[in-house]
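Before I ask anything, here is the structure I am working with.
Chain IDs A, B, C and D follow the sequence of writing; residue 1 opens each chain.
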Amino acid sequence: MARFLIRRLVLLVAVLFAVTFLGFSAMNFLGDPLFNVVGLMAELDCEAIEAGSAEDPSLDRARSDCETVAEARATYHLDRPVPVRYLLWVGDMVTGDFGTSFQNDQPVAEIIREKLPETLILLVMAQIVSLGVAIPWGVVAAYRANRAFDRGSTVASFGLLSVPNFALGVVLLYLLSLRWQIFPSAYESDSVVGLVFSMVLPALTLGLPLAASYQRLLRTDLITTLQEDFVHMARAKGLPPMRIMFRHALRPSLFSVVTVFGVSTGAMIGGSLVVEQIFGIPGIGREIVTAVVRDDFPVVLAIVMLVACTFVIINFMVDLFYSWLDPRVRAR
Amino acid sequence: MNPDGRPSRRGRASRQRLLRRFRVFRLVRSSKGPEPGGPGEDEAVRRRLGVGFWLAVIWLVVMAFIALFAPMLPFADPTKVGYSGPREPPSAGAWFGTDALGRDVFSRTMYGARISLAVGGFAIVFGMVVGGALGILAGYFRGRLDQAVGFAFFVLLSFPALVLAILITATLERSLLVVSLTIGILAVAPVGLLARASTLVYAEREFVAAARVLGARNGRIIVRELLPNVVIPMGALTLLGMAVAVVAEGSLAFLGLSVAGDEAISWGKMIVDGAGLRDLQNATHVAMFPVAVMFVTVLALNFAGDRIRQYFDVKELAF
Amino acid sequence: MAPDQTTAAPVPLLSVRDLHVRFPTERGTVNAVNGVSFDLYEGKTLAIVGESGSGKSVTAKTLMNLLPRSALVSGEVTYAGQDVRALAATGTKHFFGVQMTMVFQDPMTSLNPVKRVGEQIAETLRYHLGRSRGEALEEAENLLEAVGMPEPARRVSQYPHELSGGLRQRVVIAMALACQPRLLIADEPTTAVDVTVQKHLLDLLDELRRDRGMAMILITHDLGVAHGRADDVAVMYAGRIVETADARTLFVDMRHPYTEALLRSIPRIDDPVHHRLDPIPGRPPELISPPDACAFAPRCLYAQADCLDGVPELSGLVGLHRFACLHPTGTERGEAAATANRAAGVTVAGLPVTGDPGGAG
Amino acid sequence: MSTAGTAEPSAQAEPAASPERSDSDVSAADGDRAGGAETGAVSPDVAGEGSPEDEGSLVAPLDATTTVAVQGAGTGVEAPADPLPLAGGTLRVAVDGEADGLNPAANNFAVSAYVMAYPMFDPLAYFDAEGNWIPYLAESFTSNDDATVWRMRLREGVRFHDGTEMTADDVVATISAQLADPVISLVYRNTIEAGDFITKIDDLTVEMRVARPSARFPLALTGQLGMVLPSEWLELAREDPTLNQKPVGQGPFMISSRVQDVATTLVRNPDYWAADRMPVYVDRIEVYPITDMVIAAERLSVGDLDLAITTNAEATLIMRESAGVRTIENLRSDEGFAVINSGRPPFDDIRARQALTFAADRDGYLELIRQGTSPPADTMFHPDLIWHNPDVKQETNMPERAGPLVAAYCADHPENCSAGRINMELHFGGPSVENVRIADLQIDAWEEFFNVTPVEILQDKLINEVVLGNYDVVNWRQFGTIDPDSAALWLECDSIGFISLNFARYCDPARDALMLESRAIDDLDRRVEIWRRIQEMIRDSYTYIFYYHTNWAVGARDGVHRICGQASPDGTELWCNNSGRVLLNGVWLG
């Protein structure tokens, strides 16, 4: 177990390095960090200005601009090559300094602290929705496999799987908010109840397609499990069907669901970009869209790292969870 | 076998026979035989594609046809502003009504298939070529290469896909090629993992072992023995992957980061265009028709893809 | 006891009448069980013997109501006068597991891999007998001891994968016996375990059965297993009982060529080491739209033209020894048929016949 | 020498520019790099509140039929019919974007930032109801004869929220910091010399030297530049940028809490220096940045909000239709237009510019994009403004005139044409649904004569491309000037350079001479003459295609009083709804 943990930790660190380096290089090659710091002056041809005549008064301002630019370059290490900057950035990270946003000088840690709760609430609610829907649904579908309900739900889950997040969001918004006026159409932060209530639609948007994929996996696995001898044995023991379903069949059938739970975290975070956009939720998803299009390096990198970290940790926890699901894994 | 290690003529012939015997187009075999009333039933279902499959295929063929030949078909000019009044409900003249600029929503929806399918198709082909090649090499050679490729895939998967996509499309020119490549890159890791897994299965199989013992070169084994077997499960997942790619393109378009330009009509773009609260309330058709067509197309891709997956008995993947 | 309704005797514990089981599939209907009838009396053992696909397991599962929903079942199954299928349909509690229960072929798969052994045994006790968790676990430990499990106290908290195959089957048996059932169906209980353990387990099962006065249906493909343990034997082929008798009669005086072939395919302890077993030629019969003929005919060395004309009825000495064969082995008709086929070199169904049919006589 | 309160009507507003943007911007919605234009007035043709419009002001006489009931009159006194103000309550305001920060010396303010900042900072100067500058936080301004040196005297006893007293040192420190900021200072470049612009004379007096004669210089201090911070706090904020979110001012409200993209809460300043003269009624102001203003309008209509400020056409329509909500609309705001880059092919040739102008579809734009909420623009001045030249008409929707020009151009420059059409790019800011829609509409009109490649780039980066001249045509929103002098920045030859604020990169020395003259003089008639001439010159240069006058609509619940009709510390009635920059200081709820 200790070795397993250590290997996982090494992997986590390696993945974080790779992911952040990927993000760091991508942003440096694709975007222009200097522009974010000094704005238009980033485009000044300072070498030419320095070379210009010292007497030319029209260059005075340009010269002072160039000094500002040079200062900014030094402050943000923009004069160093990308790998060096990356290492400097890592150094800052390790010492707990997440840097400050280029955009508004806010410390990145604070931005994340402000935005993370909304996204966490959204993701947790979405997972609650998806598991809450998928488990009963999968159980009933498997129990009545190939009957009318199951056939109907296969179609329904296929349908849900085929609705893109943004389309589902728009449809739910139209039906549940505009047409029937059950839920608010946008984010509200007035009270906790209002907040949670306004998160219902976004959570449904994220959770329902996931519920469909959970349901499909659970149904398939449950049908396989229900053909296992130990289920027959349980029936021969005279246990009632639902008890067999939940006490015997469900747990060994959760492997795929748990695996997808891990993988889906990434997909959910991706989905939250769109969903937060539709419902105006000031969360991490919207923050990263804003930050990416503005080349706000420190914010993007911190969020990417956060997401990658979450992804790796959740998958790590999924591995641990496997051994709860099936003691045989522990022996391996 | 000859002393020099090369297979003799007889050896080669028997090898061929051996290989033919073991060439099984199955990735995962069902664990139980066709026991009466047992899972054997599924086996039979699997061997038939069914009406739904053909309906899905017909829809996809029609959409592909429309996408290819839209300019030659008798559709209204999709970019023409003021084809009719703005936000008019569906009518005989404009089947899907008109949007905020009075453009014909039906025609735009039909043209929308072009970008969606082009991006989806290109992306999955790219993913299969690059991811497939990496996956097969990793699965065949194992060792360092496998570790490196596996790690790269894991990193790609850890990087939130849509973030990577907007990172690229927000900074580069949003041409069809860039958007397709971006989504293609996202497809590399999942497809690669599948190719690697399939390769691992077949690399252990007797026919590959036999080929190896009989002294075939690696390249030959990969191309002649592994590739045909690995391509089947990958191919079976093409349509499913394409569905994912079409949705990814739609998400980018919804964020305003897909292919730019007035000619670049995309379903995601149309949906976000009609998704303003007021439009949604007063001119629901503007968003809902593209939603419906996109939904049916993705559904068809998923359905046909799933049927093919079952047909070839490839395990369901979550990506 | 005898597998015949005419026997004047106390009411049988289990009575099966004209049981049919069919499975609709994409390729056609599988006729898995075609009119099986038998009676089982309190405390007796019936062995049902046949190859895989003969319908013996399906019969057992039918009795336990374990068939998939798609199965079409007809016929009558009564347990102590109660209609078992009606009991199952109404979801009557505390019948299965208490009155009758079953032990499966593979102890590897018939235990829930994710639950501790003790819990799995205790679960039955808690559900059916309303025991508390502590009591149930204690009883589980006693049961494990009763089935000869070494260190039962430690075993209760182990997971199935931590036990060997033989030990697991003991757990399964302990689990089955937990609520003192009156009828145990053992479906090939030893095929999946090590040969060295098989006999030991079978003896244990027999001993427990006798101690508790339990009736048992022992399902096996191995006639040898039935020998010495069963009171009665029913041989099944293609969903039908083709021969049935009390054990002694059957082993000494079998009539059906299939029974004979089965017996000949068993390795015997007293056989010389290099004794060649005689496998039954051909393959098990097709169960989808079978021809109206003796199902064994294509594989039968005795087959004659009349075998292909209608399914032979189960007949013979009523209540004692019945068989469904037109040319029974050990009879003149049989000998004549065998001789004729040997002379022809091929049976009427196209099976090549070469040399000596073995110890047929 | 002109003195406070007697200055000629004029406006040296803080000029700024912004690419055309919409409420539904995906990313760049919060915080502009450059703010919107200053100045504005209450629309006369919309029911609701209005401010008094005096003859002889910058505003042309109103048509009698469009005059509406006046709520406040005179110098900050409520009209007799108006009920007595009630104290207390929370004012909930929606703005269309979030500010990067609220530090006027570090963050560049857009309208939403101003809505939050004005209650916290009393500006050194502001506008009176006629559009003239008046001293506000400053006590008075005096200038030398050629209006190149301005002396500003501060009021005594002004205290910051942290209790310290405001002195000339704070003013010098703040303005110096602002001019040192590359972005904030950008728009003052043509008026203010960087180096020794401001010097302290005594504890309450500073002196400012401007680059060119500026008869109405104090208008530069009506906005961000006129917001004074404690000098010590400025030092702290330099070290700790988080302070930018919680600035210390001297206004009637202090910041209480702020979560970016969620809400900013201001509470009443108990020790407000002018509390005796300018009563403050509400206890709290909550400002919500809501990027989709349609949502804000709906929430306003159900009473979840008290006030919403927007230019969004649909939101405006919703607010107009909502019961219990009145709108205060200002049409004399910034203009929406397309700028044509005359600095590079193909539009260095006037024929190409003319063709583009003729082929443009302004009618479709007004109907389909603005949905009737904004009037068509012919020049950079709203017809109600005295500067407006009624003879200048924007020539659009005449594609028949474009054909021959394009043919002639392509004959001379085949390298810039393909298939008989001129190749060009159209830049616009994004990601934004509305901007895409606008571009689609424009391209549809132009594509008969032009091969248009749409280039949708980020708002921030778009500004970059535009000032660098890396574009052909771009959609923009700018001007909005009551006094035209501030527009000079966008039109002068001097502004053309490596970084050019003259986006069209069109230089006309004669035009420059006229603008320079206007800035130095107080003679209104001459200035009107000059600017009418300039409008003709702009028309004839074919560098702008004016589409519409922005409609800055303020929607308010019926219970929200005195959005207009507020007064300065000296009792002068103030300008209302200054391009959405609504003063919330004296609002009361009842």
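The working rule: a residue touches a chain if its C-beta (ideal position, glycine included) is under 8 Å from a C-beta of that chain, and two chains touch if they have at least 3 such contacts.
Predicted model, so just to flag it, every value in this text is computed and none were measured.
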Can you list every chain in contact with both chain A and chain D? B
Specify the chain pair with the maximum number of C-beta contact pairs. A-B
Report the inter-centroid distance (CA atoms only) between chain B and chain C in whole Å. 50
From the mean C-alpha coordinate of chain C to that of chain D, what's the distance rounded to whole Å? 93
Between chain D and chain B, distance of the C-alpha-averaged centres to the nearest whole Å: 50
Whole-Å distance, C-alpha centre of chain A to that of chain C, is 56
Multi-chain contacts only, two chains or more: what residues does chain D have there? 26, 292, 295, 298, 431, 458
Going by the contact rule already set, what residues in chain B reach two or more other chains? 38, 170, 255, 272, 275, 277
For chain C, residues that touch 2 or more chains besides their own: 70
For the complex, which residues does chain D have touching chain A? 26-31, 33, 100-101, 106-107, 182-183, 186, 189, 194, 241-242, 244-245, 259-263, 290-292, 295, 298-299, 431, 458, 460-461, 463-464, 467-468, 498-499
Given the complex with chain C, which residues does chain A contribute to the contact? 146-147, 228-230, 232-240, 243, 247-248, 251-252, 325-328, 331
Quick one: in the complex, what on chain B touches chain D? 79-82, 86, 100-103, 170, 174, 255-257, 260-262, 269, 272-273, 275-279
Seen from chain D, its contact residues with chain B in the complex are 24, 26, 292, 294-295, 298, 314, 317-318, 361, 364, 367-368, 430-433, 436-437, 439-441, 443-445, 447, 452-456, 458
How about chain A: which of its residues touch chain D in the complex? 35-36, 38-45, 61-62, 64-65, 68, 100, 103-107, 110-111, 114-115, 185-186, 189, 277, 280, 282, 286-287, 289-290, 292-294
